[in-house]
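Questions regarding the structure given below will be posed in turn.
Just so it is clear, A, B, C, D and E label the chains in written order, and each chain counts residues from 1 on its own.
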Amino acid sequence: MNLNTFLLALAGLVLAPLLGGLAAGVDRVVTARLQSRLGPPLLQPFFDVGKLMSKAIAPASHWQGLFVRWALAASLASDVLLAAGGDVLMCFFVQAASASFVALGAFCGSSPYSKLGAQRELFQLLAYEPVFLVAILCMAKAAGGFDAFSIMAAQGPLLLRLPLVVPGLVFVVLVKLRKSPFDIAASHHMHQEVVRGVYTDYAGRDFALLELAHWADVTVVLWICSFLWATGPLQMLATGLAFLFAALIIDNISARLTWRTMLKRTAPLTLILATANLVWLYLE
Amino acid sequence: MRMLPTVLANLFAKAATRNYPHFVRESFEHARGELVNDIKGCIFCGTCARKCPSQCLTVARGAAGDKTEGAWTLEFFACVGCGVCVDACPTRCLSQKATHRPVAVERAVITLTGRLPERPARKDNAAGKAADKTEA
Amino acid sequence: MARTVIPFGPQHPVLPEPIHLSLVLEDEKVVEALPTLGYVHRGLEMLAVKRDYNQMIQIVERVCGICSMIHSLCYCQGIEEMMGLEAPRRARMLRVVWSELHRLHSHLLWLGLFADSFGFESLFMQLWKIRERVMDLNEATTGNRVIVSVNVVGGVRADLDEGQVRWIKDTLVEVEASIRSLQSTIMNDSTVCKRTKGIGVLTKQAAHDLGAAGPMLRGSGIAQDMRQLKYAGFDELAFEPVVETAGDCWARSAVRFREALQSIDLVRQALDKLEPGDLAVKAKGRPEGEVITRVEQPRGECLYYLKGNGSLFLERVRIRTPTFANIPPLAAILPGLDFADVPVVVLSIDPCISCTER
Amino acid sequence: MIEAYIGLLIFWPLAAGLACLGLRGPGARSALVLATGAVLAAGAVGLATQTPLALNPAFLSCATALHVAQAAAFLFPAYFLFQGIREKHGLVMLFASAQLALAAYGEFGLPAPRAAQDAVFCDGLALALVLVASLVGSLISIFALPYMQRHEEHLHLKTSRQPQFFLILLAFLGLMNGLALAGDLRLFAAFFEGTTLCSYLLIGHDRTAEAKKSALRALWMNCMGGMFLHAGILLAQKQFGLAGIRELASPALWAGATLLPLALILVAACVKAAQLPFQAWLLGAMVAPTPVSALLHSSTMVKVGVFVCLRLAPVLEGTTTGRILTLAGALTFLGASALALGQSNAKKILAYSTAANLGLIIACAGIGTPTAIAAGVVLLVIHAVTKGLLFLCVGDMEQTVGSRDLEDLRGILAKTPLTALAASAGAMAMILPPLGMLAGKWAALEAASASPAAMVMLAVGSALGVVCWVRFSGTLMGGVAVGPQPAHASGLTSGPILALLAGAVGLGMAAPWLNALLLPAGQGSPLAGGWGLLPPLFATAMLAWIAGLKVLGRQSLQPLAAPYVGGLPQARPGSFVGALGRNWTLSEGNEYAPELFGEAKLTRLAGALAIALLLALVGGALI
Amino acid sequence: MFGSFLRASQVKSPWLLHFDCGSCNGCDIETLACLTPVYDVERFGVINVGNPRHADVLVVTGTVNPRNAAVLKNLYDQMPTPKLVIAVGACGCSGGVFREAPNVLGGIDKVIPVDVYVPGCPAKPEAIMDAVVTGLGKLKAILEASK
């Protein structure tokens, strides 16, 4: 590991959560505008986290603190991996670990909503993980390597060869951003039958750390999406934002679906599309 | 999908939000806001207190031992702003502002005291001394 | 299959009001749902012994803030019947105007909350944005956005001038256009239909047998609406109950959507029929005897039983509200639902607990 | 010296088992089993220091040994046939007779093959199996000491049947070591049949109707496997006149030849490894006492199957047979993972997950590249340790609460904290990066890049696995304990659990280095590029671990918040005052989504696909 | 710097929990209206959370009766400190028009301490927004004093 890699990794560690926070801010503002509201300031998510950091709480379980920190570590590790040009598949697995810790912590909670949320979180994982994996496999196949650098170094925009993974990736972004129609485990804005679902029993500092982990996750997901047009940093930024914006629009024009619909329809459909793309790459 | 035109229109149109408190819209003319008593005009007849559906008004004649003083007390936390008292007041000294009553951080009542009208009551010379007194 | 017990409410983000359901789920399907009430019970009917019959208008108006005007209307009509009064024609027309404005804002409010129950936030926002126009109409014409306090025994205590009539009509044109622009979303959007069609079906027979009321009843294909009794000014207005036949959440929502437009139409008709005249007749004497009156609230039939004894104070006020009637049908359709559909179905009866418990 | 190690590894367990039969006292038995553990450990470690090696120790290379093996080829099927006749089980009779016929053909119809070059041949792969069988197997046997005591108390047996039990248990370990090290196909086949016999006896140990049924099911399926194995061996013999495993597994030999013999052997391996559609025998094995399931699932029986596949893997690289095998493995990984997700019976979850993970290893074998094989071996070792841990934990928890249903295990954390935490950690070790199981899965995914279908199946299966294990772990961690707190932790229970836990986590963490150590002799480099970034990842994981534990220490002092139950009052913990003024106990059940993961439907579907693939495997070899 | 950011954040992100404690709905719908486009309290960082463990501000509408008093107390207790309570409407402040009804105990300060009272029946959305701002001012003063 040379100095360059180390610096990149460090940048990933620090910048990725900040970028995620900024994305959350953009999300809040744009969503407000789509709903004809003025909305909060752009930095609102940071204030939220700052506030949560300084609250005194009684924990819901003695184990949650542990899982929260593990989740945060996993999310940050996936950022670092990606930033340092690591293996995208591994980065994805590390991120899935983060989600698993969140769910585990929720299982440890005491409220029934927390446990229900944990179940649903797992079903979400089940729905989006294969699609995301196959999308990454497609990228790796098209670019000829599994590490981030070789995917970014691919000739021309990958999108042209991977049109069918786009629905899958949008689905992943929607789930990861906890947006309608797939904010099934923990609703993002308006609150649903699961209250805050998997987040119900997290509070105060734990919740703040979880929010940081969430930001890091969002960055990773959008970043991987941006590989679709990785001909330059600006193009990548634009692609990432395009995915974010698409998610916000879809959030605002659709009702929330149930996990049964997600698992029985959306997930198989997007998976089949992505698989078709993969097969097509092989036939090419 | 069908909501798309609406949200896009929202995005590009001006937000519907009124930026209160930086921008305060003018109240409607007859809005039933804060209840005020021009105590100079009050004759402490007690009509308002009897009619009030919330029973949040008390009118005392000869309060504080002084037979010439009257006290009009509004438990404003219980007032529902119905305006029944305003309609009933014979001297029209009660009125409702068009703006809402400001929020408070403590429990309080409003007591206004004034001079009782000399008998026979004449509206014009009821020299009132208004005092805002709040008690916890 | 293990059972999950979920305490749903009394404080729960999708519940606008405190009701508690002890839900037993298996496989995320409801197998048992036991409701509990009593969190908003105030005992206000008993206030009749402490407040005279005029003051009671303000009390019954606060049985519920959403259709407050219609409560006081029902009450005043009852007292008027008892005392043998008839409100002047202008008052009756004005009562129609305000009561339909209330229905309009109530239905918009409900449609928004309903959208919220299936997580369609922007639709909720849009509907409540439109609703603010109606609230402005209320406030400008009566002085309060919600509790309008226009009814008195014998008539009304607020009036509309020419300018206001014109303004209301103009505003309603815009409101109608905005509402219609959401029609395809509410009725045809695929995700919305996924969450509402075929969910919580109440058959026509069951609706009849279980005594459903209001849009719940009409959504199941029974054309019953208390406005057919032609109280207030409805005798002079063209009116047909809105009926849907599917009996599911979608049908109830469609009924309310169409009723919102119908209310706009009724307001227009009533405004057109306004003629100069008295606002109220003077009430003389004290109420004595018993009456039962019924009106149609946004949520369905509301019934008042009033008993006067010749004093200023009524002997008994008894209120039966539409949500009360709709709870047995709700309890009947809850079992077997997906947990995620519980909020949708609970909201589809437009539960109003504050009036149910008073 | 090394010959002595090998001798001890193979014969000490047999001898100790026989001694168990003689010494009926529990104390002596414990001492023997513990001693066996020590001997096996010493032997395995001693062997490890010498690997790779090829040897001809007298006791395995002499003619007598071969004669014993040849006799075994008749004796085992004959015994099976006898059992089949006694129990009137048609399939057992059928396959046992087929085996007998094949044995006769091999003996009398074919010229004797050239003797194997080396009677014992130990490379990384063999060593891995020896280590697994010796260490994990011993730990399980030790765990079995107190377990069987309680088990028999529970059954109210008049005369203890533990002597027989431990005889078979220990003998099994010896057979496994022999199987791993055997260099001659005939010896190998004898050990192979030996494991079939042991598993049959162990599954049927409790002698209930259900145990008998399951044992017979295991028997007929494995007899069928044995039949395929013999057929394959005989064909190979006929084709090349060879009997050495090492010669057989060299790609050069097969150049231009039909792979049919290999395909048949692979089918046999699939049966042993409980691949779809043969998973039924492994599931049936659940009825046996937990140490048996632990042994079958982790360190013995099923590992034989994957061992065979990995042994032959170098030949499979780039062949149609290999590709189909990959598909079949991936299909099992997917199907069994989905089946596991639909179960609430903890042992069933473990059983399906075993089938799934073995499928993954077999897929690796089918790919056959050095990377894939390396991944497969790592998976084999770590799976053995982790699965052994999980089974022991479930067994202990089952004895604590009297149920093996996941739903009944809620709140177990308060009753047997050590076991519950170990189980939880074991479950997470199945899926967490950078631990070995995940690393192996990842390597398999990247190695499978020649086969998109396999990749997609692996991807979906991996997601299913994550869900299944997080839920498993979460269920154990959650819930409020009710009822009394039985505690019977003995060192013989917690010791193996702790040792396996340490193994699962430690080996998991050490996966990259482990993989380099265990590479089959003469195979290429360790796993490709991506490992480069793993060390920093490990460091992060360790730091997070420490930070997290610190918080745990701090938080365990804080009072806990009342649960959010819609604001309702609580009369006592774990309940709320709800409808009808009743005290409603908060209970939660997991969502098993039976409409998606229903056992019957899925088994039928996946089974049919798997049969098709196996037919293609055999058929594909013909072309 | 970080400390002052944390302190500043505390008054910039009031997440509120609304509990209908026996209100007539009048005040509830006005509270809800605050969240909608025309008023949009999210401008002040307000999010309506459904869960006391995430909430900073408890907005209570309606009167207290013996049954919901326990619920109200529970919700208040489950909120992490520092926390604010806003009593909305005549009912919340004092019991309003129902003070003398048989099943009414009175305003919510009978059960939990109240920081800001919002009079009115129903309280106007503007008044509720005033209350949030006033409450945050109060919180700020407390934080400043404790610095």
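One rule holds for everything that comes next: a contact is a pair of C-beta atoms (placed from the backbone, for glycine too) under 8 Å apart; a residue touches a chain by one contact, two chains touch by 3 or more.
All of these numbers come straight from a predicted model, not from anything done at the bench.
The chain with its CA mean position farthest from that of chain D is B.
Closest to the middle of the protein, by Cα centroid, lies chain A.
Chain pair with the most C-beta contact pairs: A-D.
Chain B and chain C, compared by their mean Cα positions, are separated by 30 Å.
Centres computed as Cα averages put chain A at a distance of 54 Å from chain B. For the pair chain B and chain E, the distance between mean C-alpha positions equals 23 Å. Each chain gets one centre point, the mean of its Cα atoms, and the points for chain D and chain E are 59 Å apart. Among the residues of chain C, those touching two or more other chains are numbered 4-5, 7-8, 10-14, 28, 58-59, 62, 120, 122-126, 129, 132, 147, 189. Shared contact sites, meaning residues of chain E that touch two or more other chains, fall at 19, 36-38, 40, 43, 48-53, 71, 75, 96-97, 100, 121, 124. Within chain D, residues 561-562, 564-568, 586, 588, 590-591, 593 each touch two or more of the remaining chains. Applying the touch definition to every pair of chains gives A-B, A-C, A-D, A-E, B-C, B-E, C-D, C-E, D-E. Looking at the complex, you find that chain A touches chain D at residues 1, 9, 57-67, 69-70, 72-74, 76-77, 80-81, 84, 86-87, 89-90, 93-94, 96-97, 100, 103-104, 106-116, 118-119, 122-123, 125-126, 129-130, 133-134, 137, 140-141, 146-147, 195, 200-201, 203, 263-264, 271, 275, 278-279, 281-282.
The touching residues of chain D, counted against chain A in their complex, run 341, 428, 431-434, 438, 441-442, 445-446, 449, 452, 455-456, 459-460, 462-464, 466-467, 470-471, 473-475, 477-478, 480, 529-530, 532-537, 540-541, 543-545, 547-549, 551-552, 554-556, 558-565, 586, 588, 590-591, 593, 596.
The touching residues of chain D, when paired with chain C in their complex, are 344, 407, 565-568, 576, 578-580, 582, 584-594. For chain B in complex with chain E, the residues that touch the partner chain are 15-21, 24, 53-55, 75-82, 100-107.
Within the complex formed with chain D, the residues of chain E that make contact are 19, 51-53, 70-72, 74-75, 77-78.
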